[in-house]
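Both complexes shown next keep chain A, but they swap its partner, so chain B is in the first and chain C is in the second.
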Partner chain A sequence: MKYESQGVAKLYFIAAIGLFVGQILFGVIMGVQYISGDFLFPEIPFNVARMVHTNLLIVWLLFGFMGSAYYLVPEESERELFSPFLAKLMFWVFLVAGALTILGYLLVPYATLAEITMNDLLPTMGREFLEQPTITKIGIVIVALSFLFNIGMTILTGRKTVITLVLLTGLAGLAVFFLFSFYNPDNLILDKYFWWFVVHLWVEGVWELIMASLLAYVLIKVTGVDREVIEKWLYIIIAMALISGLVGTGHHFFWIGTPDYWQWLGSIFSALEPIPFFMMTLFAFNVVNKRRRDHPNKAAVLWALGTAVMAFLGAGVWGFLHTLAPVNYYTHGTQITAAHGHMAFYGAYVMVVLTMISYSMPIMRGHKASNERAQVFEMWSFWLMTVSMVFITLFLTGAGILQVYLQRYSEAPLGFMVTQDKLAIFYIMREVAGLVFLAGLIVYILSFFVKGKEVEVI
Partner chain B sequence: MRETFTKGMARNIYYGGGVFFFLVLIGLTVDTVVSLPKTDNSENLTEQVAAGKRLWERNDCIGCHTLLGEGAYFAPELGNVYTRFGESTEAIKGFIKSRPKNGIPNRRSMPQFNFTDEELEALAQFLKYSDGIKTARDWPPNIQG
Partner chain C sequence: MEGGFFYRQKNLMRSTNKIPLQRASNAALASLLNLTLLPVLGFAYLIFTFKKTDPDGIDRYHTILGIKINIIAATVLLVVSGLMIFFGGFDSPWTWVYVISYFTIVHTVFIVFAIWALVRAWSGEKLRSSFTKT
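Moving on, here comes the complex of A and B:
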């Protein structure tokens, strides 16, 4: 560790992994509910489990992004963090706010939570992924602004690199677009339209900037390839991400009462969205092949390559699968969407955060890389989680295709619940794959505690 | 990448492309918002419907159902439930009211929300309003949602 203040990242990463475990446990619960509908009912209804599952994902990824920024920025900027104290303070604020929100979901009925937190003053709750009480949303804005201030001051008063500037743009975009979560008009179409300004412009816009810059940083570190080469790749990847992804928002505007031209625009531009992800794959393999050194942290290299491949498959291929309007007409809002969502989030954002953790955590613990045994554990966890996620995606895709056929495509369409009963085998297999994922996650956590002959101390 | 394609060129594509397409998105957004009254059923967007939407949100209905295809995939699409229930708000209200408190063994079941009559009416009116939104190609593909 070149700068002492990089160490604050450790707190963020530990919290991220802890919340990740919670996310997966609730995923497994929902998997059971898909098989046996009354599981944990009425104590934990499906919608509550789902809120916990998705909100924990978002929160732990945000912890991961913030931790990554706190680790990377001092080193890139060649100075200590502007305020390590503020970083630690905001960590606790965010953790407590996040924990209270999750407990609120679990301990009281959602309507009661809305009442306690005075949702009526500024109603923002009850929309997918934005279920947090308004007061939590305000907390998120405060944490995000303090974080941006801290990171921004460090970047702007230090050495500016392409990586830090792209990261800063992505993080600023994240904060700005979140503000749309406070806009909740009565008009359902308007509500839906601008809801996507948070959701789409995050995951198919500014988050890609964050992801690409984190990946570029780790690749520079583990391959020693010339910064000029990597920066050129970085620019062209994020250029394609924005060129395709901004108007690509239109693939969400096919069936919500918005004008017909979105069918064309959304189809064409979102068909281009796989390109930046494919370039990321080319980029990662290219620079690893041209590496100037063999970094002892082989696990981090594996995660970096895995991120590029899985992001392309999950976001790129599975996204394209159902993004053209004539296809989406049948697949919109089915298990196909769920399949895509799972692999895209895992491949792009979960894996890039785990890549950063894999690279930086050993250094923060005083080694250039983990000992070999620990790395073997970590690589096993990589394969267990990644392969099981591929199967989760395939089983959900199978379920989705059958659902589309039975409920929407065949001559005599069946009702929703009748169709669901016929998908049972896919849901059972998905749950088995989900349990393997959980096993992989346990191996991942064990990898931090495995002892062995340590790699050179730095 | 070859030397003829420089980092400066890549940077310019990023800034130029990013700004240009962001402006395109804003332009399209303005056009969309302006043309919404043609499809958005706003003539039926009453106070009661708005109250129904708040109830819909306060009970996180989107956590199980889809509405115009967006939401969770655990329970039926509700953007056309008014049509599916024979254009009857009474049928919708009856269904919501009749959910057993402790669920149905082994089956998925909607929770019992203990709504007042006034609340039930607002919710049903909100679903009726949603059904009245003119979606492209009259999505969903059929009455089953």
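Moving on, here comes the complex of A and C:
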């Protein structure tokens, strides 16, 4: 580790992994509830389990992004972090606020939580993924601004690289677009616009910048390919991500009462959205093929390549599958969306955070790479989680296609719940795949504790 | 080990000149385009390029690889999907469950393979040269 303050990242990564475990446990619980609706009712109703599953995902990815930035920025900027104390303080603030919010979801009815947290003063609760009480949202803004200040000051007073500038743009966008969550218009259609300005512009906009910069950083480190080559790729990728992603928001506006032109805009621009992910695969393959050295951290290289491929598959291909308006007319809000969501989040964001952890954690523990046995464990976890996620996606896709046919395409359409009963076989198989994913995650955690022959010590 | 890449590139430049390298890259790109944006046209390009390539050169290798990939892809994607529809019936929802899931995942596998072939062509290498840098 070149700079002592990079060590702050360790805290963030440990919290991220802990919350990741929580997210998967609630995913597995929900998987059972899809098969047997009464499972754990009334202690953990489906809607609460779903809220915890998705909120934990967002929170742990944010921890992962922040940890990654705290590790990456000092090294790129060639100076210590502006304020390690602020980074540690904000870590605890975010962790406590996040834990209290999750406990709130689990321990009291959602309406009571809204009442306790005085949601009526500035109502922001009740929207998917943005269910956090207003006071938590304010906390997130404070944490995000402090984080941006810390990272921004480090970057602006140190060496500026394309990677840090792209990262900073992505992180600033993340903070700015979250502000739309405070605007909660009465008109439901207007509300959806602003809701998507947070959700879409995060995951199909600025998060792609964060992802691309993290991936570029790790690839520079593990391949030794010239920074200039990687930076040129980075420029093209982020340009394509923004060109396609910003207007591509329109694909969420089909069939919800918005003007018809969104069908054209949304279809055309979101059909371009696979391009940046395609280019990321090309980019990652190219630099690994041209690598100047074999880095001892083979697991990190595997995660990096896996990120590029799975992001293309999940965000690119599975997104394109249902993004054109005439197709989306049938598929809107079905299990096909869930299939896309699972693989896209895993491929693009979960894997890039795990790539950063894989690369940096051994260094923060005093080694260039984990010992050989630990890397074998880690690579097993990679394959278990990745292959099971492919199967989760395939089973949900199958469920979605059948759902579309029975519920929306057939000449004698069935009702929603009747259709759900007919999808049971897919939900059972999805749950089995989910359990394999959980097993992969356990192997991943074990990899941090496995002893073996150490590789080169720094 | 540091420097291995440059040594390999130097040898590569001695053994290949720019034209076959360019043809190899174009062939790999045509293969990828045939699988994505320009089906049939990409394949036609591969067929027409074939005669221009050096029998022992990297350009011939990538042209043949592209032709093989696309013939296998066409068989595996179109023929198998066609058989699924033929035996499953056009009006059965289960036919479409299998066809769409199968087509999407297998098609993507071919695209990812073609991307790897393209980056190998860019560096003037065959698919199977040593994966370990020395």
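By our rule, the second predicted complex is superposed on the first by the 458 of 458 C-alpha atoms of A that agree within 3 Å, B and C clash if a C-alpha of one lies under 4 Å from a C-alpha of the other, contacts with A are read in each partner's own complex, and residues count from 1 in each chain.
In the analysis below, contacts are C-beta pairs under 8 Å (C-beta built on N, C-alpha and C of every residue); 3 or more make two chains touch, one makes a residue touch a chain.
Please read all numbers here as calculations on a predicted model, not as lab measurements.
Which partner does A:167 reach: the first (chain B), the second (chain C), both, or neither?
Neither partner.
Give one of first, second, both or neither to describe whether A:423 is in contact with chain B, with chain C, with both, or with none.
It touches nothing on chain B or chain C.
If we overlay the two complexes on their shared chain A, which of chain B and chain C does A:290 touch? Say first, second, both or neither.
In the superposed model, A:290 contacts chain C only, not chain B.
Contact-wise, after the overlay, does A:259 reach chain B, chain C, both or neither (first, second, both, neither)?
first
Between chain B and chain C, which one contacts more residues of chain A in the superposed model?
B
By the touch definition at the top of the document, which applies to A:186: first (chain B), second (chain C), both, or neither?
Only chain B is touched by A:186; chain C is not.
State whether A:111 touches chain B only (first), chain C only (second), both chains, or neither.
After superposing on A, A:111 lies in contact with chain B but is clear of chain C.
Tell me the contact category for A:394 with respect to chain B and chain C: first, second, both or neither.
second
Which positions of chain C touch chain A when the two form their complex?
Going by the criterion above, the answer is residues 1-6, 93-94, 96-97, 100-101, 104-105, 108, 112, 115-116, 118-120, 122-123, 125, 132-133.
With touch defined as at the start, can you tell me which chain A residues reach chain C in the complex?
Contact set of chain A toward chain C: 224, 278, 281-282, 285-286, 289-294, 309, 312-313, 317-318, 321, 390, 394, 397-398, 401-402, 405-406, 410.
Touching residues of chain B toward chain A in the complex: what are they?
1, 5-7, 10-11, 13-14, 17-18, 21-22, 24-25, 28-29, 31-33, 35-36, 39-42, 45, 49-50, 53-54, 56-64, 66-77, 101-109, 111-113, 129-130, 133-137, 139-145
Which of the residues in chain A end up touching chain B in this complex?
On the chain A side, the touching residues are 33-34, 36-38, 41-42, 45-48, 50-51, 110-111, 114, 119-120, 123, 125-128, 131, 162, 184, 186-190, 192-193, 228-229, 231-233, 235-236, 238-239, 242-243, 246-247, 249-250, 252-263, 265, 329-330, 332-335, 337-338, 407-409, 413-417, 419-420.
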